[in-house]
Structures are given as C-alpha cells and as structure tokens.
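Shared chain: chain A. Partners: chain B in the first complex, chain C in the second.
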Partner chain A sequence: MSLPRILAVMRKEFIQIARDVRSLLIIFAIPLILLFIYGYAVNLDVKHVPLCVYDRDGTQQSQDLLKAFQASEYFRIVHLARDYREVVDDIDSGRCALAIVIPPRFADDLNAGATSVQAILDASDSNSASIGLDYTRAVVAAYSSRVQVAWAQNRGMAPPVPPLDVRSRTWFNENLESMADIVPGVVALVMAVVGAFLTSLTIAREWERGTMEQLISTPVGALEIQIGKLVPYFLIGMSDTAVCAVLSVIWFGVPFRGSWTILFASSALFLVVVLSLGYWMSVVAKSQLAASQFALVATFLPTFLLSGFLFPIDQMPVVVQWITRVLPARYYITILRNIFLKGTPVRMFASQLAALGIYALVLVIMATRALHKRLE
Partner chain B sequence: MRFFQALERIRRMLVKEFLQTLRDPRTRFLLFAPPIIQMMVFGYAATLEVKHVQFAVLDHDNTQESRDFISRLTASRYFDLQLRAQRPEELRQGIDRGDFLLAIQIDSGFAQDLRGAKGAQVQVIVDSTNSNTALVGLGYVNEISAQFAQQYQMDRIRRTNPQLVGVIPRVDLVERPWFNEGFDSRWFFVPGVIGNLMLVMVMNLTAFAVVREREIGTLEQIMVTPIRRWEFILGKTLPFFLIGVFDAGLISLVGTLWFGVPFRGSVWVLVSSTMIFLLSSLGVGLFISTISANQQQAMVSAFFFIMPATTLSGFGTPISSMPPYFQKLTYLDPLRYFMIVLRSVYLKGVGYDVLWPQIAAMAAFAVVLLSISILRFHKSLE
Partner chain C sequence: MNGNEFAVTVEKLTKRFGKFTAVNGISFETRRGEVFGFLGPNGAGKSTTIRILCGLLEPTSGSATVAGLDVATQPEAIRQRIGYMSQKFSLYNDLQVIENLNFFAGLYSVPSSEIRERAEWAVRMAGLEGREHAMTASLPVGWKQRLALGCALLHRPPIVFLDEPTSGVDPVSRRQFWALIHQMSGEGVTVFVTTHYMDEAEYCNRLVLIDRGAIVAMGTPTELKRGSMKGELLLVECEPLGAGLEALRAAPGVEDAAVFGRALHAVVRDARAAAGPIREALGAHQVTVSRVEPIPPTLEDVFVALTAGRAAREAVRS
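And then the complex of A and B:
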C-alpha cells in the first residue's frame, strides 16, 4: 500500500471523468434532474378526480348534490353526460375515472324517505379508485346529513346528531402528502443507481480498451487500484447526496427531524455498498455491455419496486419479502424515512445500519478478491 | 433483382446479428431468464394493496358497545389486532417503533355517549410515514365506523321516535366499480410491469447496437461492404425486435396464467400494439446509439431516458396526480401510451376504436425516430 500510488490512480480517474462531458453530466445533472422528476411525478395523492355526471332527475335537489362535488377539491367535473352511452364512453376511454349517475325521481324519493345515487368508477387503478370512492362517500354522506338537518328544522325538531365521531391524528406526515415519504426514497433510488452505474464501467473499460495490461505492468497493486478508483466516485456520491438531501428539505419542504450526522454516516455506508457492487460487477464482467446490464438488472428496477420506495414491503408475499432483504436500498430507505420524518433515536434503526455495515464489508472484500485473481 | 439483393444483404446481416447476440452464453441467459424472473418477483412486489394493517387498541370503556366496535375492525380482513394496550404510552411507543400503523383509543363513557344526545368519540392515531397506506387505512376505519354509527342511529330512532323510521330522508351511495370489482391492485400493476420490462430490455440492447461496432472497429469493415444504410439499420433492429416480441409473449403468458390477471381484450390488438411499441423503443435506442461515441455514453443516455420514462408513464403513480407541466412532459414518453393500451386491453377489453390515438402516437414515435436514426447514421459513415 502506498499513498502516492493511490493518489496517482485517483488523479487519473478524476481526469478521465472530467474529460468526458457526458460523465460529468451523469454525475451532477442526472441526480438533480431525477430528484425533480421523481419528486414531482411520483405522487399518489388523489386530487381533481376527473368526474362525469349524468343527472337524470334535473331538480333543485339533484343540482345541490352535484354542486357539492363541484365544490370539492378532490373532484373536477369534466363532462355533463346526456345519456348513458356517453357515461360508458367516458369510463371506457379513461376520460373520466368516476361517473355520478342521479336516477330519475331522485328528489321525489328523497322527500318520501330514502333515495340513492350511483357511483360508477373505473377501478382498474384500484388504489386511486378506492381513495376516490372514500371521497365520494364523504361528499354523499355530508349531503345526506345536511338534508336531514334541514328536514328536522322544518319540523321544529332537534337536528340529528351523528352518534360516532372519528377523531384522527396523523403522525410524522401530518398532511398526508405522498411527497414527504417519496422524496427521501428518491434520494436512495438516485444514489443506488448512479453509484452502481458509475463504477460498473470503470474496470471493464480498462479491459476493453486494453489499458488494463498497462495498469498491471505498473507497480500499483489491486487494492490500490480499488481505492484509487472508488474514492473519486465516493466523494462525488457524497456531494450528490448532500445536494439532494438539502433540496428535499428546502425545495420540496420535506420535514427533517433527525440528525444530519447520522444522515451522512448512513449515506457513506450505503455509497460504499453500491460503489463496491458496481466495481465488483465491473471486475467480474470484463465487458462494458455486460457490466452495465448487470448494474441495470441489479439496481434500478429492484430499487424502484422492491425497496419499499413506492410499494409497501409488508403487503408483499412472504417469499418476496425475503428477497427484499437482499437489497441494501431497502435498509437505506427505512433509515432515511426515520431520519427525515420520524426523527427517532438511532437505536430504533440500529439493525438497518448494521445490515448496511455487513453489506459494505462483504462487498468490499468481494471486490478486492475478484480483482486480485484477475491480475494474476 | 435489386430488391432481392437487398433482401439477401439483410439476411446476411440478420445471421451475423443473431450469431453475435446468441453466441455469448451470458447474453443468451440475460435475454430470456431475467424477464421471466423479474416478471415473477416484480409482479408480486408491485402492489399498493392495504390489507392486514397492524393496529393496537386501548379500550378504557370496556362495554359491550366498545367491544362490538373493536370486533368490527378485527373481523375485517383489512386489520390485524396486534396489541390490546393498557396505557396510552404503549400506543405512542408502538407507533414510534413501527410495531403497528394504527392505534385506536376509546375513552370511558363511550357507550353512554353513544346512546346520549351528543354522540361518542373514538381517537385514531395513524403513522403516516407512508402516506398512501395511512390514507387508505384511515378510509377503512371511517367506513367501518360509519356502518357502526348508522346502525346505532337507527337503534336510537327506533327507541325514541319509532314513528320516524323510514321517513327521515337519507341518500345512499350505490357503488359500481367496473373492470376490477375486487379492487385487486395486482390486476393494475402486472400489465404495467410487462411494459416496463419490455422498455428496459429493448432499449438496453439497441442503445449499444451501432456504437459497439464503432468502438470495436468493425463498423469500418461493414462500411466497405455494399450494404446500404437502411438495410444496415433494418438488419440491426430486426433481431432485437424479434427477441422483444418473443419475450413480450413469454411475460404476458406469465401475467395471465400465473398471476391470473383477466385478459378481456383481443389478442390481436395486444400483439399489434406491442409490436408498434417495440418499434418505438427500438427507435429511441437506435437514436441514442447513433449520437453516442462510445458504449459508456450510450449507456448513460439510455439510462437517462429509461429512468424518467418508467415514472412518467403512469406505471406506479397516476399521471393525473402530477403537476400540469409534468403531465405535458408525459406525452414525450412512448411508454405512457403503451401503459394505457396494456391496461385497457387486459382489464377493460376495449379495442382499436378506443385505443387508436395511443397506437397512432406510438407509431409516430417509431417512424420519426427510426428515420432520424437512418439519416444520422449516414453522417457518421462519412
């Protein structure tokens, strides 16, 4: 081990990165662009549900009910249908996610007692549909109780009181904004992909261009190559993480309740994991194409789908839950959400930190051993 | 005669490409095994279903009414009772630790208030670290409470003013969920996973297609042969197209046979639009290949396209929830159109009459991008 040799490899790597404009772009611009696209586009909040209404009654009462939908920020009336065929078309084509059909005699039935409205919904997107249905129920229930109060007052009776009131308090993400739990996940996703990606090409490129032989003929050792190649990417990765984390708080307004020290400590650990993973792939695959495909298969879709970034892990079948345990990003995302939203003490996520530590150790050793063998 | 010569040249090119792609056992493995494995794993993973929500309850009232309310929650398949707490601190600590997601506190006097004139209260605390799960979970609690409340209200009216039963006006909601009656999240996401896998695979293959020849230096060799540029591009893309069609068939079968997603549309609509989508992804990949100087650049560019494309397609989260300018951006994403086609063909069973705008958009992408690639390729030959 010699520091000058490591520094020489680092310098070479820095020059190589700095010379390639696109490499620079992926390092600095892509994390930011991804943070913005994912931060804004990955949003599960259901608002402005496109609504089609078909009022077959056309009375004051039916119009009152429709006004309640119009006033709600959760709905946006996009079409007033004139016959049932139009309702079907709207739902089939996806122009509307929900149709409210008010039957003829709606007002007459209401004056006589019970009446009903029909909600036809496109349930193919089951999540949005069930949330939209909750909002619909709330609007109809509110209208129903308004009618009851008016009816009771007309008869000089005490207005009916709802017998049960559910008082809910939401902790950690008080406004139930999906941005607050998605954006910390985006930081993890960006780091996982960019990290593994950057390093996955670094050794394979040397093999493919034949510069590896030159590198072997120099007195530099395997471990020195590894450190010299990884440190530049580590520094870049840490600065990317810092920028993304700061933007999450300042730009996206995600609460930050934990400690910055722990954020950087766990991010450093995670970066060592993904960089070593990319490096190891690069050493093993020896071709840029194979290395990048491995990196692609191993990082992007698994992190997107299996880490709990968007889809909650506890809802997956048990076997798939085991598979998610293999994924370092899963632990990192849990840590990030704890730090950002909950601000819980470290002992609450010590096991996740330990898992990342074990991963870092194993992958660093794997990467070191792999290159050593190839050099002989 | 010239046509047959062209055909012959394309055939030779095809043979070369297939040999090159299928010779390497690792590439061979990467072409067919990962799509199926990923389809299985991601098909199971991609669900926003909220079931078996772990919850805790603190019942200070301990009457028949409060127990009845709690049993309505435990009886539902949406909730699993994790803890019967004795003290409020247990609720707070459990939520902090993440032991359960939801805590329900019933104070003493619940049953009395329920019968009385001012109504009863239950407190619900929910961990909203995952806002969607929290929102859906709260929705269930509200729905179950509303049913419970309605029954008590009816009982109260029967007790106090029996003559009013059936006279008090009430508006009921008749719910008609179409296409996915059981609100099965998997039905929505499995077709989406098919689209994602197709895009990632095809893009990843074609982005390297031309640039690899250039980097290894074999492009010069091809240039001296009599092959024309459109023949070259066709010869390059056709193998990946065929592999793509084969993989699409494979994973669609997994989607229907293994995951049991209903297939209500016509197979022909699916096959034809899949082909057009593959052509448009090939177009993007080839375009990237022609503007890249080496494989690393191709890789970076392909990736830079794939990552936003999967999100902006509306795969995971609905496009209608995005900010307006991001909604406009989604029109630049071929996967956006394919996502709608896949889900509509599978679940809604609609045909060309409804889906033609989507199919036309994908076709436009394919034509424009493939033409640009052929034209740009000419320049790089010089």
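And then the complex of A and C:
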C-alpha cells in the first residue's frame, strides 16, 4: 500500500467529478429534489378532505352539524349540492371524496329521539376513504354528544357521562405528521443514489474509455484503486447526509433527539455498504449502463419500496417482510427514525448497527476481491 | 545466466482465447538497449504478446521474462520496471496534459521532489510546451501519442513496450515519434515496439515478423532482406494493373507476384534473364509494359514472400 498512489487516484477522481456535469447534478441537485419532494409533495396525512354537502332539511340543527364539519381541519366543504344529481356528479368527477347528505325532517327526528346522516365515499383511494369515514364518525359522535348534553340541561338533568374513554399520549411524532418520519428516510434514499449510482460508473467508465488498460499496467494496486476511487464518493456522501439532516431539522422542523455522532457513524456504515455495492457492480459489469441499472435496482428501489421508508413493513405480506430483512436500508431507516424522532439510547438499535456493520464488511471484501489487474 | 544480456526472453509462448489461438508457441529474445520491432498485420498476435509481457494477460503455456522477472508469477515487480503504451489511446481525455502527467507520476511513485522536473521533461520531450493546461481531448492524435509516451517514461523505466504507437498518426508525426524512440534507445532504454507499417521496420535494430500467431522470420532488417528472399526482385510498371498481375503470375520464371503501390513486384530466380520473357508474356495479353527493372527488396516484399509461402504450405497440408 502506498499513500502517494492512493492520493494520486483520489486527486484524479475529484478532478473528473468536478468536470462532469452529470455527476455534479446528482451530487448537488438530487438531495435537494428528493428532500423537497418528500418534505412537501408526498403527504400521507389525510387532511382537508374535499367535502360535498346536501342539506335536505335546512334547519338550525342541520346547519350546526355542517358547521362542525367546516370547523374540523380534516374537512373542507367545497360544494353545497342542491340535489342528488349534483352529489353524484361531485363524487364521479373526483371533485369531492366524501358527500354528507342530511335527510329531510332531520331536526324533527333528532328532537324526537334518533336519526342518521348519509355519508357517500369515493373508495377508489381506499386508504383515504376509510380515514375520511373515521373522521366523519368522530365529528358526528362529538355532535351527538353535544345534543345529548343540551337535551339533559334543558330538562335540568345531569349531563350523561360516557362510561369509557381513551386518554392518548402521542410519543415521538406528537402531531402525527407523516412528513416527520419520511424526511429522515430521504437521507437513505440520497445515499443510494449518490453512493451506489455514482460509484457504479467509476470502474465501468475506465473500461469503456480504455483507460483501464493503462491504469492496470502501472504498479498501482487493486486496493489502492478501490480506496482512491471510493474515498471521494464517501466524502461527498457524508456531506450530502449532513445537508439532508440539517435541512430536515431546520427547514422541515423534524425533531432531532438523538446524537449527531451516532447519526454520522451509522451513515458512514451504510455509505460503505452502498459504495462497495456500486463499486462491485461496476467491476463485474464493466459497462456503465448495466452497472448503473443494477445499482439502482439493488439499492434505490428496495430503499424506496421495502425499507419501511414510505410503506410500513408490518403491513406487508409475511414473505415480503422476510425479504426486507436482507435489505441493509431497512436497518438504516430504523436507525434514522430512532435518532431523529425517538432519541433512544444506542443499545436499543445496536442489532441494526451490527447488521449494517456485517454488510459493510462483506461488501468491502467482495469489492476488493472482484478487481484483478488483468484484461481477462 | 543471460539475464544481463536480455531485456525480454520468450520461450514457446502460447495464448488461446477459447478455440482461437492468438499466439502459437513463439520464442525470441530482446537484447538490452535495442529497438526491437514486432511486425505483422492486424490480428497477427502482436498486442496479445505485448500484453502478456506487461502482465495484463496470462499465458496459456510457455514462459516469458521481462527484466529477468517471470511474467506469470511476478507481474507487479515487472510493472515497476516497464512503461507501457497501449494500442488504443488510454490517457484521460477529461484531464489536462499536466494532470495526466502528475497522475501517472503518482502511480509510478516518482518522488514528489522530482515530479515537477519529470513532468517538465515529458512536456519538452512531447513538444507540448505552452499546452500544459490544455485539455487532453483537444490535442491532435500525434501529440496525444507523444504525451502517452511521456507518461510511460516518467519513472525512467529500463524497458518500454509501445503497442502500435504510430497507428493513425500523420507521416510527419510518425517520423518525429521514431526520432524519440531512437533518442530513448540512445539513453540505454530497451524499446519493444509493434507496428503494422512495414516501412517502420527499417527503424528497428532487430525485428520479428509475425503472422497469424507464429513467427515467420527474425533478424536485423538487412539480414531479413538478404536471407529471406528466395530469388531476386523485379519492378514491373504496366497498364492495366489487374490484367498485368494475372499475366505476370503465369509468365515463365515468375515464382510470385504482388501489387505494390501503382506497380507490380515479381519474384524471379534470375532478374536479368527473366526481364525479356516477362515483357513478351505481358505483351501477349494486351498489357502495355512501360518499365521492367531489378530492385532491392523492401521488408514488405520479404513479408509477402514469407507469408505467401506459409499460406501455400498450409493450403497444401489441409
């Protein structure tokens, strides 16, 4: 091992990155684009459900109920229908996801004892529909208990007390915002792109341009090439991690309760995993196109779909859950959420850290053994 | 041991790629300090041989040493002692001239105190003064080749392997390049160079003619020209050339004939005696002969004579 040779490879790699527009775009633009897409555009929270109401009663009571909907941040009344056809139109066209129809004689029936309202749901987005229905039930239940209380008070009776109640305390993500658990995961996504995608090009590019033959005719060792080529991407990956983490906290207001040291240590491990994977693919495939596609399929897609980044793993079919266990990204995402939202002590996610460490070791060895200084 | 005398020794070296035999049991030696030419058409096995000697390919069988080191077992030690210029231009086009030089100086472990001086030397040698910060991609082919040579010489290797260094280079740059090769040789460097330009063989101290993986002749240019031609050579200028060639091949006393530029060359046993009958034979086929005269053979004649004979023998055998 010779330090000057490693430094020579590193310097050359940095110069080439700095002159390659495509690499620069990936390094500087991708983290920001992903962060803003997942920070703003992707929102799994169901709020402001567009609502259509058809009040066939038109009394003080029916208007009170509709006001309760209007006051809730979960609904937004976008249309006051004048007949059923308009209700159907609203749902068909997708203008509204939910329609509330108050029947005629609503107030009379309510005062006489009991009545009901109709809710029509657009379940083509089943998740939003079922959440919308839950909100509707909650609004209606709150309204009906107010009616009960008023009824009792009018008669000088004690208001009825429900026998059972839930007192909830929401931990870690107090406002139940999906953004807060998605945004830290973007760090993993950025690393998959910057780490695996960019490194998957490095060796393949040397083969395709014919520079590999000259390179391996010199005394530079395979390990020196590997270190010299990966260190620049490691530094870039760590900088991107820092930028993403700082923006998550400062710009998006994601809580950060763990330790920055642990964040960078675990990120370094995950980065070694994806860098080595990309490098290994580059050595084996010898073609930039093949290697970069492999790298995206092996890192970006599983990180996106199967790591728990967007879709909860415990909701997946059991077989798919097993598959997620072989993905390093799964462990890294768990660690990220622990550090950002929970601030749990390291021992609570030591097994995930160990898993990443094993992956890093195995992939570094694979990458090192792949490159031979031969043309065959 | 002759380790001091020879820079390269090759013994029954064979290289197969699947069923294709690229190099077939060749043996030769290269002496220290000489310009050793490896001459043959494309696909003859020149690049394969040079790549084996540089430790880039493993031999299928046979053995070879470079600077007294075994190519199969000591490739890394060999790489310290050689400079290599591959057939395809293989420096970094997206680096500046000086960045390429610094990079290779680093890889060859040139001491940092000497890097500047060696890079300046390479720039001067390649005639690239004032172009140090030019992007390598922007250089003409001939300049790129000189830069590649400079990169291969930064660490003062005792042996350099140049694989078709003048391929695709204009004639003036080719001559400049050969002047550099002789300058290196004058400084005691062994130069192992391949080419498919027959005229360049004249620049070599010694050379090997290789065809389809096998050596067809070996020696100094003079030895080859003298010893390898059976018979003498006649230059025949005539019109039309195609009909002239056919008639010439059928003419009495002619052993072989080939087109060379805008004329024909005929191999005959006795040049003086054959001239007359050849004029008559061509005239009988309505070919106008403007000139018939004996000429000294070039290496191209030698090569054609040797490979034609070999092809004929192979045809008979199969």
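Heads up, the rule we're going with is that the second predicted complex is superposed on the first by the 372 of 376 C-alpha atoms of A that agree within 3 Å, B and C clash if a C-alpha of one lies under 4 Å from a C-alpha of the other, contacts with A are read in each partner's own complex, and residues count from 1 in each chain.
By our rule, a contact is a pair of C-beta atoms (placed from the backbone, for glycine too) under 8 Å apart; a residue touches a chain by one contact, two chains touch by 3 or more.
Predicted model only: the values in this text are computed from it and were never measured.
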item: Clash-or-fit label for the pair chain B, chain C on chain A; value: fit
item: Touched partner set for A:Ser239, first chain B, second chain C, both or neither; value: neither
item: Partner chain(s) touched by A:Ser259 [first = chain B, second = chain C, both, neither]; value: neither
item: Computed vertex angle (chain A) for partners chain B and chain C, CA, steps of 10°; value: 90
item: Which of chain B and chain C A:Gln153 touches, first, second, both or neither; value: neither
item: Per-residue contact with chain A, leading partner among chain C and chain B; value: B
item: Contacts of A:Gln70 with chain B and chain C, given as first, second, both or neither; value: neither
item: Partner chain(s) touched by A:Met316 [first = chain B, second = chain C, both, neither]; value: first
item: Chain B versus chain C as contact partner of A:Asp92, first or second or both or neither; value: first
item: Chain B versus chain C as contact partner of A:Ser351, first or second or both or neither; value: neither
item: First (chain B), second (chain C), both or neither touched by A:Glu177; value: first
item: Smallest distance from any CA atom of chain C to any CA atom of chain B, in Å, after fitting; value: 13
item: Set intersection of chain A contacts, chain C complex versus chain B complex; value: 20
item: Sites on chain A touched by chain B in the complex; value: 20, 22-23, 25-26, 30, 33-34, 37-38, 40-50, 65, 91-94, 97, 110-111, 113-131, 133-134, 136-138, 140-141, 143-144, 147-148, 151, 158, 160-174, 176-178, 180-181, 193, 197, 201, 205, 208, 288-290, 292-293, 296-297, 300-301, 304-306, 310-312, 314-317, 319-320, 323-324, 337, 341-342, 344, 348
item: Chain A partner contacts - residues on chain C that touch it in the complex; value: 51, 54-58, 75-76, 79-80, 82, 84, 86, 88-95, 99, 102-109, 112, 148, 151
item: Complex contact set, residues of chain B against chain A; value: 26-27, 30, 34, 38, 41-42, 44-52, 95-98, 114, 117-136, 138-139, 141-143, 145-146, 148-149, 152-153, 156, 166-181, 183-185, 187-188, 193, 196-197, 200, 204, 208, 212, 215, 295-297, 299-301, 303-304, 306-308, 310-312, 316-318, 320-323, 326, 340, 343-344, 347-348, 350, 354
item: Complex interface listing, chain A residues touching chain C; value: 2, 4-5, 7-9, 11-12, 15-16, 19-20, 209-221, 373-376
